[in-house]
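Below, each structure is written out as structure tokens.
Look at the two complexes coming up: subunit A is in both, with subunit B in one and subunit C in the other.
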Partner chain A sequence: MRSKQQEVVAAYLFLAPFLITLALFFLYATVRAVFFSFTDYDLFNAPRWVGLQNYANLFREENFLFALRNSLVFAAVVTTLQTFGALVMAAVLNQRIRGLNFFRAAYYMPSVTSSVVITLIFLWMYQREGLFNYLATQVASYAPQLGVFALLLIALQIIQVLIERTRGYPARWLDPALFAISFLVAAAATWLLTFLGILLPRDAEVDFTWLQTSQEVPGAFPMALRAPVPLIAIMIQNIFTTIPTFMLMFLAALQDVPKSYYEAASLDGATPAQQFFSITVPSVQPVTFLVVTLGLIGTLQMFDQVAIFGNAVPIRSVITLAYFVYQRMFPGAQLPEVGFASAAAMFLAVLTLLIVLIQRRFIRSEAS
Partner chain B sequence: MKRTTALLLASTFTLAATPTFAQTIRIQGYGGQDPAIVQRLLDEVIGADLEAEGITVQYEPIETDYNAVITNNLSAGTAGDVFYMPGEVAPGFIATGKALPLNDLVDTEPFIDSLLEVYTQDGQVYGIPKDFNTLAVFYNQDLFDEAEVEYPSADDTFTTFTEKIRAVSELDDEIAGACLPADFARMGAFAYANGWQPFNEDGSVNLSDEAFTTAFDFYTGMVTEGIAVQPSDVGAGWPGDCLAQEQAAVAIEGAWILGFLRDNAPNLAFGVAPLPKSDTTGERGNFTYSVAWAVNADSPNQEAAVTVLEALTSEEAQQFILEQGLAIPSREALSNNPYFEEETPEAQANLTIFEGASDGNVLGFQFGNVGTDYLTPLNNAMTAVMTGQADTQGALEGAQSELDAIIERAAQ
Partner chain C sequence: MAQAPARPLTNYHGAQDIERWQARRRWARAGIVYTVMLLFSILFLGPLLFATVSSLKENPLEYPPTLAIPQLSPRNWSAAASLGRAGAGAPLWGGFAPGAEVPFEVTYFVPEGLEATPPAVSVPRRRPGGGLGAVQQIEYAADYASVTPAQEVGREPGGYVDEDGETLTGEVVTYGFRVLYEGDGPKVDRLPVDVEVEERDQVFVSSTLALSRLERRGRVASYDNLAPGALGYTFNNYARVFKEARSITTGRSLFLSWTLNSFVIALAKVVSTILFASMAGYALARLHFPGKNIIFVLILFAQMIPGQVNFISNYLVLRDGIFGLSRLWGQASLLNSLSGVILSGLVGAGAVFIMKQFFETIPREVEEAAMIDGTTQWQRFFRVVMPMARPALGALTILTFQGAWNDFFWPLVVLTTPEDIKTLPIGLLTFRNIYGATGDWGLILAGAVMSALPIIILFIVFQRYFLEGVSYGGGKE
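So, the complex of A and B:
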């Protein structure tokens, strides 16, 4: 019994540093914020109880409604795409291919790079004279070449496969050896046509405004379902940086899936796509739950990218709930609206909790 | 025996006196290049005199979001005894009640009135402007010579200025006439020249006023016509970049561009002219951008803090700052400073910028308790027009409704 007690004491002693920090900076801070959300506290005058006034005012604030819409759209789109992308990438990296370690390291790079640095780099790429518009311009200018190349490629492949089949060989439509020949011949033919001046690059210029715009898409949707273009820019960047982290989790889960499942499936003639959806997806379900939960929490509380994009874009197009809280906390030429900001923060916390609870009903946390 | 007693007595006095006088005054301001400047100011100009009075000064720069950090510090009682009060957020700082009213403590007489006004509320002065800046036209002389166009001058109006920009833009497809950001902090000066005020008497804003729309069209029109570019169009961070990289012949900036050009384009032959005059009023407009020193009302060493503030804004301090080409002094008397007579482009630029503060319709860069939120709808409208996403009328109607909401919000 004595040793048992000692063990308990020892356990709490080891936990103490963490528990104290948690109590001080999390529990105490949360309780204070909850209290402030019912007051008109401004950091400089004693808080005065205002009841639910702050919460009612939230919904009268236009920026809050924009922030709510942006946060929800952002969370829905980013969580879906990053989960799917991470799973696909993990499945690919789970194959036995040459240079596997290189790819694992390379794919993980975006996640270990500082998000501030990445945001700044993306900010440059989204400029009107930036990389994205440059690439789009190149594609648009060489559209005739690309089109002819694609047509030739398909035509050559079909012809070759048909020839093989008439000879009685079982050639698949995407046979790699035939594809390589089609690719080279199509590329050479396109180059020749361009060289002879039969195919000319078009004089196209893509001038898409990614950031300095209040445009929302798709225009046909009601306001509440549209995504502002600058927010989409942040989405792309966010998906790019978060996929690798989640990929790592899926990769760990995939190590536990017996290879024999896949072997059995191939023997039964299942295509890679069928294997992916019937074996990979169900076996990593607990991790999918974790990834979706972490993804939702992370995306609903997204702040840093907005703070950096902030000055370059119309604020309504990118404001999120977390940024709204910060903005009301330090409104510039006025006293801080601590009470109001706390109410918004509480709303965000409850919303996050609710959404996570709802998604639990759709993705089970244990493997079947 | 007597002498020893006297000596003993004297040393006792000194010993007793030293602790009451040896005080450390903490001052808080921006990070970036400011720590080096303030440190030099302390070491080379005012530090010795303060030391003689038993005051040691310690500069504590705030490298991140200055307003957020200092607001927290003021609330928590950890702010410096003396601190920066940026003009555009001064109403917020004054509202905290933590800035000491200085009327009875500091002689405000020698400072430029329009600058003091930014830090004045209900007749009380809460900050002493440490220096200031206004806007001027910076141009690349070689490009104008090559295009055989007359330099921008003090006689220019919006119309003649546009003509010169157009003429110089025809020189080379790769070089724009001017580099203009979608920023009310530039364009607003031209609206002021037309006699427009940022707030009507009842606190509302009127963007459909012709005084505003003609200035808006003048500024954005140069970009939509293709004779000027936005910095982001040419991959530049700001107009100073455009000028340094010879991507544009003209930039409308303040004295802060001087240090940048010195470092990034030392061989650029640049000239400076006052902003063009309004076609209708014949007046110039301008912004004054300033930062003040304020004293923490909770400071335990208030007296010493005031002494430090006085030293920081003294003539010697301002003379030093001016001669280093860092900023323009906020004291009226320094307008006769021999430095302004020098023929160097930098001295001439500083003179033009100094004179800009008292030429025509000049307002502090401040928007009441609306703060810099005031700028957002206007900047968005300018962007929309300059990138061809909207026309002036549509963009300004949207901006008007956004601004109305912001002002209503701030009034609560």
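So, the complex of A and C:
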């Protein structure tokens, strides 16, 4: 009996530093945020109870609606693309080859640096005279070459596969050996045509405004869910940084999948794409669930990029819920609207929990 | 894609033949896989490397962007070194000191029918960039330098291809001049020089050191520093980060202060997290006590609630010095102090979760053996359990350091004034706000690269722990 009591005392002693931190900076803080969200408070005068007024006012605030729209679009697009991209990359990397560790490390490198560093670099590349516009200009100028190259590649591949088949070999349409030959020959032919001056690069100049613009991309979204161009710029940057992390999670799971599954499928004549959808995707289901959850939590709380893009973009096109809260708490010259900011923060917390719960239902039901 | 043909192998190929055919496929497949992996590497490392290389450039926004950067040419390194030696006896970092005699040559192309004229050389009073450097008192080389008239030192026939692709014939003429520091005075960091010709058609070809930029329709060849020294030339932007960005009140280098602050916070957090997270994780994994489930639910919630919910109250708690506790050690408020950031982040719920998961995987038997020896709980934890936890602690150390080093939101809230108190990430935001406005990206990129350096070195050395950290973070639930 004494030893049991001792164990309880020991446990709470071991937990004490953590529990104190948790109680003060999480529990107390959350309870206070809930309380503030029902009050009118500016840090200088005592909080005044206003009931649900702050929550009602949220939806009358134009910037809040922009922030809500941006956060939702951002979370949906980024989570989808990064999950899919990470899984595809992991499937490609899931090989027993030399040098895999080097490649894993190389891909992970951008993710170890801070979001500030990566965002600054991207911001620099998004300038009007930056790398993105330069590369786009190159692609536009060499569009004839790229087109001819693609046509040659397809034609050569078809011809080669047909020849191999008539010779009695079981060649697939994407046979790697034939593809390598087609690729090299098509590249050489395109280069020769350009060198001889038969195929000339076009005089193109891409001058796309990534930052100082209020242009929006309608895409497939309903009207309310259009994505402003600067937000798309942040999406690209975010996907770039998060794919490697999630790719490593998928890769760890994939390496537990027996190689024999793929070999058997291969013998049955399944294409790589079929193998991907019927072996890879189902066997990493639990990790997919985790990646989507982490992705949603991360993207719904996106803040750093908005702060760093700052005045380089129209604020409405990139403002997120997290940034909205910060901006109302520290509005510069004006009085802080602590109550209003707390209401927006509570809204963000509840939204995060709801979306994670819904997604949990959705992916679980699909698995069963 | 299309279904593989189900046709049987026709009998005029032997088994050996098919074997060889399939081996060829495997080789090609490996080749393609490696090529794709290399392309991915370029995609993911490209922006970092391109930014690193461009951070050496005088103007990283130069268009079109190029990798042929004068700062990377050995010819310019040796020229910069000997110019630095001539300027201040300093081949590495250069400068302009009393007694200096800096020889320099500029070569022009003069088309037929035009008489070559010697260029006019001047030392302008030019500020070293805007931003934070603009308020500093500096010495100007212009106040101490004198220039000898440019004299012809060589002339030979030559050709020149102009913008329209036409080849012109004429002469290539080289002029030499010296910049002198006569009399006494201070050592000056930079020696900016403008070399101007009267005729636009007298075209600049080359000079002892690559020029900074051509101005006034090609008539003025401008040099930001004629005596830079090898390192001063190559790492000019990096030197500027330390030299120009100084605190207005103390005059100390801001970047150094930020780096130091980042290190202090990260190391303190690593130590406290290692200790407290393993203590808490051990208790949750091994000991029986009431309230365990509630704590566990709290841990899960704490990881899901956004920082934007808690920062409001936490800001106020730090402002009041944690209910006045900080007065015990003489701080009225914990805002704008490193201890504020450290105390509010002693141990995170995520770290406790990782350690709990880890302690559940190690066998109880080891501890039970120690228990028989009559050790206390405390001794067992430090002598038996902690040494076994080394792999998890390695990953946790890396994760915590990385998290603290890269943390942005919370330091942005707590550390606002003076500039000296900031950490690297929010310091870089200051750089971006000040220098981004003037398009001075050289300094921003140099700062960004340097701030990423410690974490990248750590990654290269402790790669294993980083990658393990990802799977811990992923938690194989």
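One rule holds in what follows: the second predicted complex is superposed on the first by the 353 of 368 C-alpha atoms of A that agree within 3 Å, B and C clash if a C-alpha of one lies under 4 Å from a C-alpha of the other, contacts with A are read in each partner's own complex, and residues count from 1 in each chain.
Assume contacts are C-beta pairs under 8 Å (C-beta built on N, C-alpha and C of every residue); 3 or more make two chains touch, one makes a residue touch a chain.
What you see is a predicted model, and the numbers here were worked out from it, not measured in a lab.
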Combined model on subunit A: subunit C and subunit B, fit or clash: clash
Subunit B versus subunit C, judged by how many residues of subunit A each one touches: C
Now for A:134: first (subunit B), second (subunit C), both, or neither, which partner does it touch? second
Touching A:120, do we find subunit B (first), subunit C (second), both, or neither? second
Between subunit B (first) and subunit C (second), which, if any, makes contact with A:209: first, second, both or neither? first
Between subunit B and subunit C, whom does A:80 touch in the aligned arrangement: first, second, both, or neither? neither
Contact-wise, after the overlay, does A:278 reach subunit B, subunit C, both or neither (first, second, both, neither)? neither
I'd like to check the shared interface: which positions of subunit A are touched by both subunit B and subunit C across the two complexes? 43, 127, 129-130, 312, 329-330
Subunit A residues within the subunit B interface of the complex: 43-44, 61-62, 127-130, 209, 212-215, 312, 314-315, 329-336
With touch defined as at the start, can you tell me which subunit A residues reach subunit C in the complex? 4, 6-8, 10-12, 14-15, 17-19, 21-22, 24-30, 32-33, 36, 43, 89, 92-93, 95, 97, 99, 101, 103-110, 112-118, 120-125, 127, 129-131, 134, 137, 165, 168-180, 240, 244-245, 248-249, 252, 269, 271, 273, 286-287, 290, 297, 300-301, 303-304, 307-308, 310-312, 321-322, 325-326, 329-330, 338, 341-342, 345-346, 348-349, 352-353, 356
List the residues on subunit B that touch subunit A in their complex, please. 65, 67-68, 71-72, 74-75, 88-92, 95-98, 182, 232-235, 366-373, 376, 380, 383-384, 387, 389, 398, 405, 409-410
Quick one: in the complex, what on subunit C touches subunit A? 1-7, 9-10, 12-13, 18, 21, 24-25, 27-34, 36-37, 40-41, 44-45, 47-48, 50-51, 60-65, 272, 275-277, 279-280, 282-284, 287-290, 295, 298-299, 302, 304-317, 322, 344, 346-347, 349, 352, 377-378, 381, 402, 405-406, 408-409, 412-413, 424-426, 428-429, 432-433, 436, 441, 444-445, 448-449, 451-452, 455-456, 458-460, 463, 466-467, 470-471, 474-475, 477
